[in-house]
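These are the structures in question, set out in turn.
What follows is a pair of complexes built around subunit A, which joins subunit B in one and subunit C in the other.
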Partner chain A sequence: MDINNLNKMYGKLKALDNICIRDIKGIHGLVGENGAGKTTLMRIVATVLEKDSGSITHNGISWEETVKVRNIIGYLPQKFGMYHQLTVNEALEHVAILKRINGDPKEETKKVISLVNLDDKAESKVGSLSGGMIRRLGIAQAILGNPEILIVDEPTSGLDPEERMRFKLLLRQLGNRMTVLFSTHIVDDIEDVCDRVTVMHKGKVMLTGTAAEMIEMAQGNTWTVSSNEEKSGEELGGVVTDCKYANGMFHFRLVSDKKPAESAVRAEPTLEEAYIYLLHME
Partner chain B sequence: MKRNHKQNTFLESIRIEFILFVKSINVWAFLVLWFVVLVYFCSLLFTYSQFTLGDAFISQGLVTQALLTGGIILGAIISSNERKEDCEEVFYVISCMHFYKALAKVVLLLTISLFVFVTGTLTVFIVFHLLDAAGAYYIPSAAYILLYWVVPFFISGMMGCIIGQAMRSKMVYPIVIGISVFIGPLVPKLAEPFMLTETGAQYQIYMLFNLGDLNLHATLNESYGYCLNKELWIARLSVLIGIFLMLPVINRYKRKDYIHIRIIAIFVTISLVFIGILAANRVVKLQNWYLRQAELIDYYSDNPEPDFGESINDISSVYEIMGYDINIDDGLKLNICTDVGLDIKNKKSPLVFTLFHGFEIVKCTIDGKEEEYKVAGDALIVENTKEYEGKHLLRLEYKGIPPANLYKASNKWILPGMFAWIPVEYVGKVMANEWDTYAMFNYPDSKKDVPIKVEYIGNNEVFCSLDEKDDKWEGISSGITMACGWLDEKETGKISVVYPSLYPENVKQAGAAIDGLLDITRAASKELKGEDKCFEADKIFVFPSLLHSYSSSGLYFFRDHIVMCIFFDQGGTLIESIDGRSVVDSVARTNEWNRVDRDVIWIFEYAYLESLCIRGVYNGEGLYIPPFESLIETIRDDEKRLDLANMAQRIHDYISVADVEKQIEFFRSFLELIDTGSNVGKITRVVNELLDSET
Partner chain C sequence: MLHKLGRREMKRFIRLILLDYKEMSGVCFIPIVLILALTIYGSIMFDPRQPVLVLNMFQQLIPPLASWWIIMSFYSFVEDESGEAFFTYGFSRKVIGIGRVCVMIGLFSMLIVLVCTTLMLTNKCSIIEIINILLVLWVQSWFYGVIGFLLIVVIKKILWSFAVIMMILYFNIWGGLTPLSRYLIVTVEMQKSIDIKEIWLKLVSVFSMTIFFLIIAQVRFTKFRFRARK
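For the complex of A and B:
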């Protein structure tokens, strides 16, 4: 999938500013702080929102052809729910019929339930599911009909660590079968799951590449500094990413494009530090 | 048969919509509300008689209001299901799902509406059966339930859906409740405290968007039945189509690819709502009978009869009407073309006719050539500028709506012979105020019998006083009566009776009893007026409450038919429903009577009827003959009217002893006194003198 020069305004606010992301395949992460424009971009790709200008294409299909696009995408919105009176089985069968998937809706429903590991909850009411299970149900409905592109908007936020891990594994599995566009503001998720990543900031793309390329950009700009007193990022001349106290000393890690102090020592950047470097130093 | 994907999708959407509805608490809340409303309405029905059940429908805005409010809330709830469950976007990105989901909600609302219709109608029918309601009530009541309960419920449900879609805040519920009141029939009642006086214009504004009954003050008019005219169906249909077209407009995602649909939808919606308002407005105007009646009284009070000087002193010396050929169409207005055969005797004098002022003259010709005319109130003055003399054909084309209770809708109208809906020899105003209370017909009593032909161009079932020949009516008569409404015709004996469908049992024996009525009328005419008129009738038209007069029932005799404006005695026969005083009215009443004290008129009528019975001219069976003694007692209760009561007592004593000739002479003198419009004092004095001289 290619996104070219995409723009979107909300009144006077520019939500997306000339977004270009080429050759989206595998699992592609979108990372950025709240308000960066991730959800707007996801909703445009999901055909929920209309773009102001620019283009999106995939395998010769343009996003102007809404009906065709909707036949090849699966979408899990940031805030997902389903009719609480229905059972998991009923809800998914309903979606399967509406999506007009090939094959028997019952069989397809069984398959996706098994894939998202909700077999023991198949006959439970949606209203009785936990938050993690609801997300898995969301993924199940999105992958019904085997879409070419799966769009998942911040699926891990609010999940407990175990559910988050389970969810990331599920996405990894799905990434082998389809293109997954996955947005998050949790950088760890990107590292664990995504093949490539796009960093967004204030409606703009800061970088598109692999996690390693992202880290590479921050090489030489991550430092460790020790001090006998607690200091702020401003005092240190960078963005503090970590602070530990040991042996009567404060040990800071910080991102800065200049050496912050005489005693500062270069350190190997983490992905999170690379992300901060991109957001604050570029 | 294998279903295709689209059918599957549609049916699945409907299936889930129903499952969600049935599994939600809303369905129980709705059922309880509907059950309470039905029980309330049925308990109300038990307070009405078997003939007045229709009043319960018309006067109760509460049922419609409850359904409007219930429907709009239900619509708002149904439409917000997906939003509430956070799955709106999931369905939105499935191809065409937004459309199918919306359609499924419409089907659900339709099904609930059907449930309301079936349960409502069945319950009402069961109560009708228990109350032994007239058979004529069943089908129109079902139509009423459909038009005033079910369709408004569906419309408000659709409005609720749209508002629920458009608004995301919880404020949606108070807003929809407010809207349901605004489109409900109780608006005028709610506005009453803020109004100084109720005017037609105000009422029209309140009722313009009203989906319920248009006049809660009214009772069922037995001649017309419920107000189910096509304009109301058109109005509601327009609003419904408008609402359907609003669906793509209320697309909160504002996708650009719908922009052209939205523009068309807005345009068509506005047009349809406008048509709906216009259609409803017309009905609203017609429905304000009690206000229009007041306007009519004002008109006749404020507009004295025009003074034509000498020119109309003797119409018969100016022209003579030789016959009529009438063509009538009942579209939006009555369109009438009347050819009047004239024998013009005085070419220098204008030809003055009486024609109701509400009709607008479109064309006036004599022998095909345009002729000048003037309208002055109910007088139509054809100038005769070309000084025609001898036999000529006057053609008048006019259109309009008859006043007050003579018109309800394009398929509900009455043109009685005593109302000047065709040009007749000048008799003054068409209507007169009866003791400043109600306008009544100023019955022209000196018309001749002339040949009349009528052709009706329309689709309604019309009843006419003339005989039908080859899709036309023909005959010789002194007047013509035509009617279209909630009426039936029945042959009974030699007489054919056109009557309100409610009363088939009451008119069963009318034919046999009518001879007695004609006998007493003949006798009264001969005794009081000295006229040896031939009272005969092949047909009787029974129009209850046509006059809305306090005085009595009204009887109008024509050569071939009788128009009876009677308040039906619902348990009795047709003849028993006729007040004997109307017989006296029909042969003796003049416009001057309206200036005379009402008690004096009643003393005359009661006394004369008692005299007829005492003398054996009438055997007292059949017609309702009011007891004279009770009238005397009533007058005596008022201390200021003791003189009048004493005079009445003297008359009462006199008629029980005086011989026939003297009695007739006395009543003629009494009548002459009334005809001069004298005051109570003068009449009391003169009548006492008459009685003194007799004794």
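For the complex of A and C:
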């Protein structure tokens, strides 16, 4: 999938500013702070919002052909909760009918329930499921009909660590079968799941590449500094990413494009620090 | 439009409607319970010399209930958190709009048949009168059902759509004859039987208006898009 020169305005606010992301395949992560434009971009790709200008294409299909596009995408929005009175089976059967999938809705439903590991909850009411199970149900409705592109908007936020891990494994598994466009503001998720990543900030693309390329950009700009008193980022001349207290000293890790102090020592950046460096550079 | 659906699609459509009703859960029985109560009350109170009392009550109270299922069936689209995902599904808007509305009004019509059959079985009305009552209530039910469809696709809020219907009901019952109820309700004068000519004139007019509103509602539903909240 290719996204070219995509623009979107909300009144006077430029939500997307000339977004270009080429050759999206495997699991592609979108990372950025709240308000970076990730959800707007996801909604446009999912055909629920109209773009102002630009283009999106995948295997010769243009996003102007909404009907065709809807046959090849699956979408899990940020907020998801559906059919509280129906069982998991029935809810997915309802979606299968609305999606006009080719196979038998009941059979297709069984397949996706098994894939998201909700077999033992198939006859439970949706209203009785936990947050993590609802997200898995959300993924199930999105992959019904075997779409070529799966769009998932911040699926791991609000999940407990076990459910988050389970969800990431599921995405990994799905990434082998389809293109997954996955947005998050949790950098760890990107590191664990994504083949490539796009960093967004204030509606713009800051970088597209692999996690290793992102870390490479921040090489030489991550430092460790020790001090006998607690200091702020401003005092140290950078963005503090970690602070530990040991042996009567404060040990800071910070991101800065210049050496913050004489005693500062260069450190190997983590992905999170690389992300902060990219945003800080702007 | 529905006749164009193949056998497989028709089967799926029926299943979809069944699941819609199941999702409504207990609230889907509200029109049934109210209509049963009104039927029993009407059958007891019906006086052939003064049909106006019961007939007006039926006209005022029964048809607005036709909008209930229709408004509720759009809950997932307009208020549920999953609403956003619905907009990415490839369903036909005509089938989910007009198709579903027609089926739900059709099912509601069975309740009206029940009302009229009860009146007939209690030997309170002649067959001609029953057919006319049936026609009046049926056409009015179409009108209110379509109004429900229009309200939900315009207002996009279940509660406000019901509030408008409740307001209409309120004025029907306690507000005397408002322009809307004067337009809709077939008035039967005291001591007189039902005037068939008047009924037909009124029904043709109301039905034409219903078709007009149905088209507007469907066009609106076809253009229905997700509205991003900031």
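The working rule: the second predicted complex is superposed on the first by the 281 of 282 C-alpha atoms of A that agree within 3 Å, B and C clash if a C-alpha of one lies under 4 Å from a C-alpha of the other, contacts with A are read in each partner's own complex, and residues count from 1 in each chain.
FYI, a contact is a pair of C-beta atoms (placed from the backbone, for glycine too) under 8 Å apart; a residue touches a chain by one contact, two chains touch by 3 or more.
Keep in mind it's a predicted model, so treat the numbers as computed, not measured.
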item: Clash or fit, subunit B versus subunit C on superposed subunit A; value: clash
item: First, second, both or neither for A:K99, with subunit B first and subunit C second; value: both
item: Which of subunit B and subunit C A:I73 touches, first, second, both or neither; value: both
item: Which of subunit B and subunit C A:F250 touches, first, second, both or neither; value: neither
item: Contacts of A:T40 with subunit B and subunit C, given as first, second, both or neither; value: second
item: Common ground on subunit A, meaning residues reached by subunit C in one complex and by subunit B in the other; value: 43, 46-50, 67, 70-71, 73, 75-77, 79-86, 90, 94-95, 97-100, 138, 141-142
item: Subunit A to subunit C touching residues, read off their complex; value: 10, 40, 43, 46-50, 67, 70-71, 73-77, 79-86, 90, 93-95, 97-100, 105, 138, 141-142
item: Residue ranges of subunit B in contact with subunit A within the complex; value: 5, 8-9, 12-13, 16, 19-20, 23-24, 81, 85-87, 89-97, 100, 253-257
item: Residues of subunit A that touch subunit B when the two form their complex; value: 43, 46-50, 66-67, 70-71, 73, 75-77, 79-86, 90, 94-95, 97-100, 138, 141-142
item: Residue ranges of subunit C in contact with subunit A within the complex; value: 12-13, 15-16, 19-20, 22-25, 76, 80-82, 84-92, 96, 225-226, 228, 230
